[in-house]
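Look at the two complexes coming up: subunit A is in both, with subunit B in one and subunit C in the other.
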Partner chain A sequence: MSEITLTFLVMDGPFEQARTTTAFRLIDAALNKGYNVNVFAYEGGVSLSFAEQKPHANTVHGRSFEEENHPLTKDWIAALQEKAKLKECQFNWTNCGLCIDERGVGNVIYGCSRGGPKDFWQWAIQSNSTLVIGTK
Partner chain B sequence: MGKYFLIESQSPFESTEVNYNYELASDLAISGHEVTLFLVENGVLAVRSTDTSLDLTKLNQVNLLADEFSLQERGIDSSEIGSNIKISSLECVVNAMAEGQKMMWL
Partner chain C sequence: MKVLQIIQSAYRCIVEEQDDPVIWFAQVLKSGDGDVDILLKGNAVNYAVNGQGGDGIILGTWQQTCPAKVDQDLHQALNSGLKVYAIAEDITLRGIPETKLISGIQKLSRKELPNLFEEYDQVWSW
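Right, the complex of A and B next:
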């Protein structure tokens, strides 16, 4: 297992900003290198792991449900969890509990925990580096 | 002196804040720090060498990198890019983090 641990804070909700895709690409790149990764989801970011996300067809573009192959952030998180297992590195995803309650998105996928800003602070002081990806 | 790794995801065409971010990178470098400015998403729209209005050309002391994936998404060919900018990938962001550089998403 790598001795390198990186922490990310994400704040944007799903399906809104390119930053979300970039954040997932960064996390994927870190796991590819075998680094341990912590992710603290804050504010709108807590909806990224919401288990009730549903894919849909796209009638505007004339694509069926299967053709649209709609990407869901909860599935991306699950894929990152699987990659971490394969790479034998730690991957922790914690959502801000208050932010979850505000948005009613408490039903999250398996492996994502509930916490608070204190968890992020502890990760930040224990990690090699921390990157905050804030909203604009 | 420190090592700073700054990430810019907006273009100067969408926000005046971006030019201030360029200034921050420049000032840190002039102060003696080692500074990398990584352009990603719409941040790469500033890299075309034909855009003479851009302040990127003034950042002589800053290591300028552009995300290859973002360039491809926006149809920007490597031949269009200013000579002071290197094409890179998100892997270099992760490398900088692992190295313990000071990270800031502007």
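Right, the complex of A and C next:
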């Protein structure tokens, strides 16, 4: 297992901007290198792991439900969990509990836990580096 | 009612949505008999460049199968009868050559905007 651990904080919800995709790219790259990764989801970021996200067909694109294969961030998180297993590195995802309650998105996918800023602080202390990707 | 859609924020969520949501929105309105057109402004003028689009990203074990093709979406919009305008100065500033632009997109100068706006009942800026 790698001795390098990176911690990320993501703050934006899915589907509205490019920062979320960029964060996922960085996390994927870190896992590719076999690094351990912690992700603390804050504010709108807690919706990224919401289990009730649903894909859809797209008549404007002229594609069926299956063809469209609409990207969902909960699936991206699950895919990164799978990659971490393959790479034998740790991948932890914790959502801010109060942010979850505000938004009513408590039904999250397996492997994502509930926590608070103190968890993020502990991760930051134990990590080689911490990247905060805040809302702009 | 005739409405002009001004798009300025470019490439902000096209991976997750597989398109620019405003172009998609305009096409949906058009298909429902909405009388809408599009004006590309600022960074969004790059949408007018032919042949763009990536192969889609791979995240862990997930692979994008239908990445956004904004130029094709604009082709489709034009074919459905939407007018697509782009601000000439913004195209020039970004060094986009005329030969790269999608056929059918109408370039116009900033000083022509008031006259364009006069043609519409409402102008929505995204």
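Keep in mind that, in the parts below, the second predicted complex is superposed on the first by the 136 of 136 C-alpha atoms of A that agree within 3 Å, B and C clash if a C-alpha of one lies under 4 Å from a C-alpha of the other, contacts with A are read in each partner's own complex, and residues count from 1 in each chain.
Following the convention adopted for this analysis, contacts are C-beta pairs under 8 Å (C-beta built on N, C-alpha and C of every residue); 3 or more make two chains touch, one makes a residue touch a chain.
If you're wondering where the values come from, they're calculated on a predicted model, not measured in any experiment.
Touching more residues of subunit A than its counterpart among subunit B and subunit C is C. When the two complexes are overlaid on their common chain A, residue A:Lys83 makes contact with subunit C while staying clear of subunit B.
Of the two partner chains placed by superposition, subunit B and subunit C are both touched by A:Ala18.
Looking at the shared chain after the overlay, A:Gly134 reaches subunit B, while subunit C stays out of its contact range. Contact with subunit B, but none with subunit C, is seen for A:Ile4 once the two complexes are overlaid on the shared chain. When both complexes are overlaid on chain A, the residue A:Asn69 reaches subunit C alone and has no touch with subunit B. In the superposed model, A:Ala30 lies in contact with subunit B only, and not with subunit C. Residues 18, 25 of subunit A are contacted both by subunit B in one complex and by subunit C in the other. Across the complex, subunit A is touched by residues 11-19, 24, 27-28, 31, 57-62, 64-66, 76 of subunit C. Residues 4, 6, 18-19, 22, 25-26, 29-30, 32-33, 35, 128-134, 136 of subunit A touch subunit B in their complex. Within the complex, the subunit B residues that touch subunit A are 7, 9-10, 40-42, 69, 89-91, 93-94, 96-101, 103, 105. Interface of subunit A with subunit C (complex): residues 14-18, 20-21, 24-25, 28, 31, 58-61, 63, 67-71, 73, 75-76, 78-84.
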